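What follows is a set of structures to go through.
In what comes next, chain A is part of two complexes: it sits with chain B in the first one and with chain C in the second one.
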Partner chain A sequence: MRVIVELLDHQSGEFIEAELFDEVTIDHFLETQREWRPVVTEAALYLAKAGAKPILVPRHFHWDWTKKEADLRMLAITFYGLGCGGALQGLMKLLTVGHTCRLPEQAGKPLVYVDYLEAAPWNIKPLMNALGKAPRYGGIGTLLLEAAVQKSKDEGFKGRLALHSLPTSEQFYLKACGMTAVGRDPAKQNLLWLEYTPEQAERFITRGTA
Partner chain B sequence: MNTKKTMTLNLTEQEMEVLESLSTQKDLTKTAVLRQALRLYQLVDARLAQGGKLFFEDGQKKKAELMVL
Partner chain C sequence: MNKELDRKWLKKHAALEDGGFVSVGGFISTFEEKSSAGEEPVGVDALKHAFVKLLQLKRRERKLSVEELAAKADLDMAELLRIESDEGYVAAPFSVHKLAEFFKLPERPLMALAGLLKVKDAQFQQQALRFAARSEPVEKLSKEEHRALEEYVKFLCER
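== the complex of A and B ==
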């Protein structure tokens, strides 16, 4: 699957063409380690030393996509990438088994679980702002989450979706995406479990189109 | 989207009852239930092949190893 989507180029203020795809390969994982990880690690160190608010210090500096190479062959796991300007701008890993809904009104029903969602560090606005730089592209997290909702619908899960959010992203999922906070999960570093009902997921992917 | 292939599935009455019950309970089509089962089977099988073990934990945190084909 390859579809043309649009990202906001923060420099020009205009929308530019990007490509959303599910044909993710080990090369994309290697690209994240080569191009993204040093930037995230350096930013985390700089911000921690500068005494920045903990909420601004990236917590995903230790992520390593290359360890997920075997997952590429699993039916239960789907990856999506977002490319623009000849480089990878975002990457996401979804699970379609292993997690079920926790909201009382849909408890136990299957869902798509967003296991990892990462934007290239130069696109993370709060991170770039904290470093005194301008972010490059906007809309990566939103486009990837839309793809996850669509995957949920394609699987017959009607848009039901959940994720554990890093503290730095909680407000994005709550306010920009309209997800419901179900509670902190002691089994997952006390991260916040957020969930979509089919109605919330539909509102998210159709927002601005009414 | 991947091209889909069609197959005929022969199930006993009891198997069909279970499939229909799961379909209702999980709010999924019968095809989606079977797809889920296949994905889970492949995932568990791969983890076991890598030396992993599958456990169920009860309310008292007691673990019981699950045997898989």
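== the complex of A and C ==
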């Protein structure tokens, strides 16, 4: 699957063509290690040295994409990439088994679980600000989440979807995306479990018109 | 879908994404357990000493001079010299990242040794201190060390 989408170019304020695809390969994982990792490291350490609030200081040291190659061959796992300007701008990993809904009105029903979603560090404003730069592209998280909802619909899950959000992203998923907070998960660093009902998911992908 | 509506919607969402790390898992997955801003890490001297010793031994293990290591690891030679000779100097995060990569050392502990991350683990500090103490050379100088030492003393005497 390859779909042309648009990203917001922060520098020009214009929209720029990007490609959303699900043909993610080990090369994309290696690209995140090679291109993303040093930028995250540098920005994170500047933030730490500047005495940023603990919540704003990312650490990434134990995630190694190169060990995730086997995931590419698993049917229950789907990866999506977002490419623009010859570089990977965002990456997402979805699981279609292993998790079910927790919201009382849809408890136990199948859903798509967003196991990983991340924009390239040069698109993340707090990281770039720490390095004295401006972010490059905007809208990556939104477009990837939209693809996740579509995947849920394609799987017959009607848009039902869940994720564990970082504290700094909670307001985005709650207010901008209209997800429901189900509760903190002690099994997952006490992160907030957020869920979409089919109605909420539909409202999100129809830009609030549904 | 209406293109204008799409763009307006995306622009609004992009602005909302900008307020934080829109991320699930992965690189930005856990948080620095920094109790308070500006607090000095405990046992920084011992860690720094271990950091310098570790780099020196790893470099010597590969039979590299500082100049050769700087070239091979794509580091600034002046900074590398400063890292090895001035324990009060705080290495740039990116240099530590490059050193970890070159010597295939775990990055986070190396960052901690370099004084770039706070460490609360008493055993980590104790082991660093022990390593620094044990790595102080007791053997005779090698021919190369002896020659370098003689040449440099001679140079100093001639000034």
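Just so we're on the same page, the second predicted complex is superposed on the first by the 201 of 210 C-alpha atoms of A that agree within 3 Å, B and C clash if a C-alpha of one lies under 4 Å from a C-alpha of the other, contacts with A are read in each partner's own complex, and residues count from 1 in each chain.
Criterion: a contact is a pair of C-beta atoms (placed from the backbone, for glycine too) under 8 Å apart; a residue touches a chain by one contact, two chains touch by 3 or more.
These numbers were taken from a predicted model, which means no experiment stands behind them.
Peer 1: Contacts for A:R136 in the overlay, against chain B (first) and chain C (second): which applies, first, second, both or neither?
Peer 2: In the superposed model, A:R136 contacts neither chain B nor chain C.
Peer 1: Of the two partner chains, chain B (first) and chain C (second), which one does A:H28 touch, if any: first, second, both, or neither?
Peer 2: neither
Peer 1: Looking at the overlay, does A:V40 come into contact with chain B only (first), chain C only (second), both, or neither?
Peer 2: second
Peer 1: Would you check which partner chain A:H99 touches, where first means chain B only, second means chain C only, and both and neither mean what they say?
Peer 2: After superposing on A, A:H99 lies clear of both chain B and chain C.
Peer 1: Name the contact category of A:I124: first (chain B only), second (chain C only), both, or neither.
Peer 2: second
Peer 1: A:F172 contacts which: chain B (first), chain C (second), both, neither?
Peer 2: second
Peer 1: Contact-wise, after the overlay, does A:G156 reach chain B, chain C, both or neither (first, second, both, neither)?
Peer 2: So A:G156 only meets chain B here.
Peer 1: Name the chain, either chain B or chain C, that contacts more residues of chain A.
Peer 2: Of chain B and chain C, the partner in contact with more residues of chain A is C.
Peer 1: Residue by residue on chain A, keep only those touching chain B in one complex and chain C in the other, then list them.
Peer 2: none
Peer 1: Would you pull the chain A residues touching chain C in the complex into a rising list?
Peer 2: 6-8, 10, 15, 32, 36-38, 40-42, 44-46, 48-49, 51-55, 57-63, 91, 93, 114-119, 121, 124-127, 135, 138-143, 163-166, 168-169, 171-172, 175-177, 189, 206-209
Peer 1: Provide the residue numbers of chain B that touch chain A in the complex, in ascending order.
Peer 2: Spelled out, the residues of chain B in touch with chain A are 1, 25-29, 31-32, 35-36, 38-40, 42-43, 46, 50.
Peer 1: Flag every residue of chain C that touches chain A in the complex, lowest number first.
Peer 2: Residues 1, 5-7, 9-35, 37-38, 93-94, 97, 106-108, 111, 116-118 of chain C touch chain A in their complex.
Peer 1: Give every residue of chain A touching chain B within the complex, in rising order.
Peer 2: Chain A residues touching chain B: 1, 70, 73-77, 96-98, 108-110, 154-158.
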